[in-house]
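Right after this note come the structures.
In what follows, chain A forms one complex with chain B and a second complex with chain C.
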Partner chain A sequence: MAAPFTLRKIGVPPNSANLTEARRRVFDFFRAACRSIPTIMDIYNLQDVVAPSQLRFAISSQIRNNAHVTDPKVIDLLLFKGMEELTDIVDHAKQRHHIIGQYVVGEGLVQNTGSKDQGKSDFLKNFYTSNYF
Partner chain B sequence: MASLSATSLSFKAPSTRSTRISQVLRKASTFQSISFGRFQSSKSLRLQISCAAKPETVQKVSDIVKEQLALSADTALTSESKFSALGADSLDTVEIVMALEEKFNISVEEADAQNITTIQEAADLIEDLVQKKPAA
Partner chain C sequence: MGVGILASRAIRPASRLLRSQPSNLFLRTIVSKPELQSPEAAAVSQPEPPKNQILPPRNPVGGARVHFTNAEDAIEVFVDGYAVKVPKGFTVLQACEVAGVDIPRFCYHSRLSIAGNCRMCLVEVEKSPKPVASCAMPALPGMKIKTDTPIAKKAREGVMEFLLMNHPLDCPICDQGGECDLQDQSMAFGSDRGRFTEMKRSVVDKNLGPLVKTVMTRCIQCTRCVRFASEVAGVQDLGMLGRGSGEEIGTYVEKLMTSELSGNVIDICPVGALTSKPFAFKARNWELKGTETIDVSDAVGSNIRVDSRGPEVMRIIPRLNEDINEEWISDKTRFSYDGLKRQRLSDPMIRDSDGRFKVVSWRDALAVVGDIIHQVKSDEIVGIAGQLSDAESMMVLKDFVNRMGSDNVWCEGTAVGVDADLRYSYLMNSSISGLENADVFLLVGTQPRVEAAMVNARICKTVRASNAKVAYIGPPADFNYDCKHLGTGPDTLKEIAEGRHPFCSALKNAKNPAIIVGAGLFNRTDKDAILAAVESIAQANNVVRPDWNGLNYLLLYAAQAAALDLGLIQQSAKALESARFVYLMGADDVDVDKIPKDAFVVYQGHHGDKAVYRANVILPASAFTEKEGTYENTEGFTQQTVPAVPTVGDARDDWKIVRALSEVSGVNLPYNSIEGVRSRIKSVAPNLVHTDEREPAAFGPSLKPECKETMSTTPFKPVVENFYMTNAITRASKIMAQCSAVLLKK
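Entry: the complex of A and B
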């Protein structure tokens, strides 16, 4: 059995100097999140609901959502928010329905903002907002 | 006096020389044995690593890669196919490594993970870590 992974809470590190360091931090964050998945499934009793690979896919899709960002400082801020979210989840500060709604079920309970779904058609966008267009 | 000292010196000299020689010989023999032992074990380790990855490990790695990259079941995956050639970006590669970590119950260091570009390398690294694990 591999040694259990514990999320160490480090203080805020200085900004990354360039894109490669920001990239490295993204991968480190992703690895930390994936290694915390067994703990998360244990805390929130998600064994019957979701498989670890689905949770990994949810995390990676959230990261991919912001893959178009090029400014290292913006990436740092996104990572900070991601790390905050991960720490909250691991600390059991959230509840089971939060996790299931946000990461297990499709787009989640809250509809995503329009800028993220660029592939949908204008007809559908208008259709979802009102009957008259 | 001088002759006495000379004789005493002369007596001492071979004894010291002999002890030194014997010490050197002892050290040399132990050194030789250690180096020989190490040489043997390193040779055997090297042989193990070169023919390490078992076919079932490679097969499991290929299955995980196919599932992760959503490839159809009949795409031919050789052990030398690179992840980037199969349409995986760097995040996909990290995700594949994490899936392998979970599947084989190992823990891959960051430095090792960056060198993985083909399926064969991944299988070799897994074999290494699986062998090291029960020894630790």
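Entry: the complex of A and C
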């Protein structure tokens, strides 16, 4: 069993041979991310802003966005990017407003289950985004 | 010393050189052939082209078509060995154009009279002792014209050299650089070096107004501007003063060019002597992206090319359209583009309880409007389309308002009682180019000079070409052609209709009489009576016939013809006074005081003009340079604008806003793309879908019912007070403000 890559080791991770192994890697990544949530909340002082469960939800929803992907190489690449992002956050390379804007529910991620856009047609959604569609 | 002595040694007779051989290896003897000494000798030694050569077929320059008025009168001439048939009155230059040979010229312009003073068009004609000015020489049958012989080339080089002698070295600072005829022709036809070592002359600059920048030192005295001003614009402002090298183009007295076509002189000038003052030093022509679109400042629909650099419109240039505007555009069209950058609405806004506007998002703005529209009764909803609205947005507005249960949707400029059943009653039935065939004009309540400058230019052309007679009924005004002022009001019209006026005889004897009625008359209460009188005049003088329909109505706004075709007419006079929800789609000329104080007004437009101050909600829309819209001009010719620059801020296209609003209000319109809107338009007014085609009116005046009303005696009033400020864009433009301050005749 290949060792799950830790936060400190950013070497070139080996390619997954098949979907099962990629899937295992995804869960390993999710576990690593959730385990680093207390560190993140401590670094960026998010104690009053957000609950750890919300951050876990944010991470899991981002992973779920790509749940339809079946190619192990694509999954590897997405994991690499996710790992990169996680390392940046834990290394304090980002700032508080980045975390709040990108991951805190209500501002950043969640548009998909919003009440306003549920029954709207494509025309209206495109209209609200821009003039050119 | 040095090289000079060596060179002089080389030219001297051979004896001394022959002795000292080795050191002369770097000397180059000058060799010459008789062909290089003079053009005549070169012509002699040219090899004869083989006879009966099969030459490739040639197309006329610019894809032009040749019109033979009389098929038997065609002459055959030979251009560079190629035989070409031309009509009888053609000049040598026109014959060469038909043959596909573009002859360089400076003073010749196809729409102006022939001057023949630049001498750049010289070509060699067999059996002629010297090269002939092809622009002035009529083509005679059997003429053999040669355009690429050494004589012709030498002539062009010579002319070029003379022109450049007194021309200042202004290319880096001249606005015409990159599109300058002098630059292009000197590269193509000029010699590579000049021999002028004296001082160049300079000329003092003339002040022609805030639109035309003059640097008269650059003038090459081609007199194109003089001929344009006197022939096409009809004003005798410019002239040539002095003689010889002291010639200057100017106005002699300190006069500004007040003509509404004065901007065309900028296009006509082949050098940078007359350039656009607002465009001075702003951009070079190779940085600009040209977009071919349509102008909407009046109902003519002149074809323009919008030159833009990035998101900004830098200038507007006319495009050739023989039927509508030929090659000219009015000053308002040309110079109002800087109004597109000022006073623009870029975000949706809602008026707060303290009376100030607050920026909101599209969701909130549309939600608010959608709420309020359901709280009013159906017939209290009023929609008014503006003068710059395109057909698509008017269609969607009408559909939306109708589906909300109201019939009160109309376009600005159409008063109560204007019915759009018969198209002949609001179109220019003889078409703008058809006006050239008229020989008597009767202008009723219209001043074409300020209402539609291109129609006026066409009338001026007709008057000049065939001495047509023009008479007008209306307030006394300046015309740039001879016309008689018959009267100021409906009384004169009644006299003509009853046959008592002396002008009736002129109308009766005319072969193709044309009556032009201004759309300003549609706003009068006695409109029916006046139009009935006009139609009786038309009937009495055989104005409407199968081969010629001279009964014309000159509309004022770009959106009017399309609005009337789509059925946006005002049904009841009290609609605005009893409205509780008013939707103004770019409508600025609405009398804001008529709107009740408790009505909810939504303004959708691109400029913060007059009506915005009354609005409760502002929805920003795109201007004509930013959207693809269909416009119909006053003769029924449908054209489309093309987006040249992106929309400002958070603005959207007009029809998209109304469609989104309808969805938010719960009304389901059956289309959600522009093709859908166009297919809806096709079912209402199919001529609006056939772009670049003119749809003439199907029926004539015979179908109209009798009119029982009487005419009032109030004289006709002018519709356009200030030519330079007629719509939201021109009112926001700084150049137009300068023009109206300086150029209007007081």
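We take it that the second predicted complex is superposed on the first by the 104 of 133 C-alpha atoms of A that agree within 3 Å, B and C clash if a C-alpha of one lies under 4 Å from a C-alpha of the other, contacts with A are read in each partner's own complex, and residues count from 1 in each chain.
The definition used in the following text is that contacts are C-beta pairs under 8 Å (C-beta built on N, C-alpha and C of every residue); 3 or more make two chains touch, one makes a residue touch a chain.
In this text the structure is predicted, and so the values were computed from the model without any measurement.
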Contacts of A:L124 with chain B and chain C, given as first, second, both or neither: second
Which of chain B and chain C A:N45 touches, first, second, both or neither: neither
Which of chain B and chain C A:N18 touches, first, second, both or neither: neither
Winner by number of chain A residues touched, once chain B and chain C are compared: B
Chain B versus chain C as contact partner of A:T70, first or second or both or neither: neither
Residues of chain B touching chain A in the complex: 67, 90-92, 94-95, 98-99, 101-102, 105-107, 110, 133
Residues of chain C defined as touching chain A within the complex: 361-363, 622, 647, 651-653, 656, 659-660, 663-664, 672
Interfacial residue positions of chain A with respect to chain B in the complex: 1-3, 5, 23, 26-28, 30-31, 34-35, 37-38, 52-53, 56-57, 60, 63-64, 67
Contact footprint of chain C on chain A as seen in their complex: 116, 120-124, 127-128, 131
